[in-house]
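What follows are several structures.
Each of the two complexes below includes chain A, the first together with chain B, the second together with chain C.
Our next item is the complex of A and B:
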């Protein structure tokens, strides 16, 4: 796998769009199969995008944008919304803590491990949250030196 | 354990057979929370059976993201046609047992299927 030029994918995730959670992540994973042959890498990246997509669908007032940037052996993901923001980021990063509505939980989401899961698999993780919106930026690298340690 | 042996062990039917039907499965995970399922650690060399009572599209999407080759629906639940269709498109074998999740897990564990790695 040599260097590849920069490519971008953009998706809009609607608020309370529980029925379609994971559909964007599947599209991203399928698209990236042409770029990255490693199933392990695609799985890690796919899980991270799935979690970011689920957060936008479950926890936002007006939905949000999911931007995927592919450059060299890395993928950068930016998930951005317009509120209501995460009141306590430390709590949100505590496994099992969830503010997901009952409807989301009935569909199998809102287990309170999403952000942790991204943090676990991503090579870089940045999160800023204000009442007017949350921005999550993470990268998953396919570099040999940063393979996930099982 | 082959898929047909798994079916015999838990008295399951095959709802969707397109996919890796002849795969040898040694590990499993059981949950109704797809969030928790996304937290498991998968390895290429260790294909997994997902045991769940969730029948909506999210179960197939989760399986697809994690490269899970087979999903066992428990409690004899009705599976919507769109779920079966998405499983077919993504080549995920879909099975259904009338037993409750506890019994399915117990029977498969007794037959030698191990739990997947879990670290929170």
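Our next item is the complex of A and C:
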């Protein structure tokens, strides 16, 4: 596949930075408006980035990193942190299950469906967690192809 | 399809944002205070009812291009949130009705349209 153009955005999300959740997703969406004219695509991507951002703010002990890579007609997002890790990934992926603190829940976060939202709106989803940290990788495609080409 | 103009003449809302374009319209209403639910469900044709008044709601409305947020229970956000909404062309209304009643009233109005 030709037409390879790679661009990168990187953000740091602080622990308990509830106030700013959504700000990175809005920046990403704004930046990508030049790449992707489809509003439907941008909304889909926006939902996923918002949820990844919220997870870093709610669950990390020292914050995390949000890396957004644009290549071909797709966007890959890597959300990484150094702890405390997800003890049971299956449980974390069960709709309604949450370990969000009371403070976050009062603000309407911690509904227990954030990861499910990403799974639903993204085209690929990968999650790994160790005691030391968690890595979430997902892609949102602006095409209907089903195979990876990188 | 319901325009803001039509809406505020039929129900006692307080318009919070200045420079409101009353021609903005919506086709359906979604009520939830859980951010993930709203994020998944609102869209450019939705008015969103919530009691959450912090600025994250504008992130959701902006990302999903949801044009109208209606606060129930008389909730009113800080001025900074209202200003930010004006910048983003998101219209904020508030009503003293509880969410259930507000939803019912809007449901009936939309059915009558």
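Basically, the second predicted complex is superposed on the first by the 139 of 150 C-alpha atoms of A that agree within 3 Å, B and C clash if a C-alpha of one lies under 4 Å from a C-alpha of the other, contacts with A are read in each partner's own complex, and residues count from 1 in each chain.
As a convention for this text, contacts are C-beta pairs under 8 Å (C-beta built on N, C-alpha and C of every residue); 3 or more make two chains touch, one makes a residue touch a chain.
Computed from a predicted structure; not experimentally measured.
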Partners on chain A (chain B, chain C) - clash or fit: clash
Which superposed partner A:68 touches (first chain B, second chain C, both, neither): neither
Chain B versus chain C as contact partner of A:43, first or second or both or neither: both
Partner chain(s) touched by A:52 [first = chain B, second = chain C, both, neither]: neither
First, second, both or neither for A:114, with chain B first and chain C second: both
Partner chain(s) touched by A:22 [first = chain B, second = chain C, both, neither]: both
Common interface residues of chain A - those touching chain B in one complex and chain C in the other: 19, 21-23, 25-26, 29, 39, 43, 46-47, 50-51, 54, 107-109, 111-114, 117
For the chain B and chain A complex, residues of the former touching the latter: 32-39, 41-44, 52, 54, 56-59, 61-62, 64-67, 90, 117, 120
Chain C residues touching chain A - in the complex, by the definition given at the top: 33-40, 43-44, 50, 52, 54-56, 58-60, 62-65
Chain C-facing residues of chain A, complex: 18-19, 21-23, 25-26, 29, 39, 43, 46-47, 50-51, 54, 107-109, 111-114, 117, 120-121
Touching residues on chain A, where the partner in the complex is chain B: 19-23, 25-26, 29, 39-40, 43, 46-47, 50-51, 54, 95, 105, 107-114, 116-117, 150
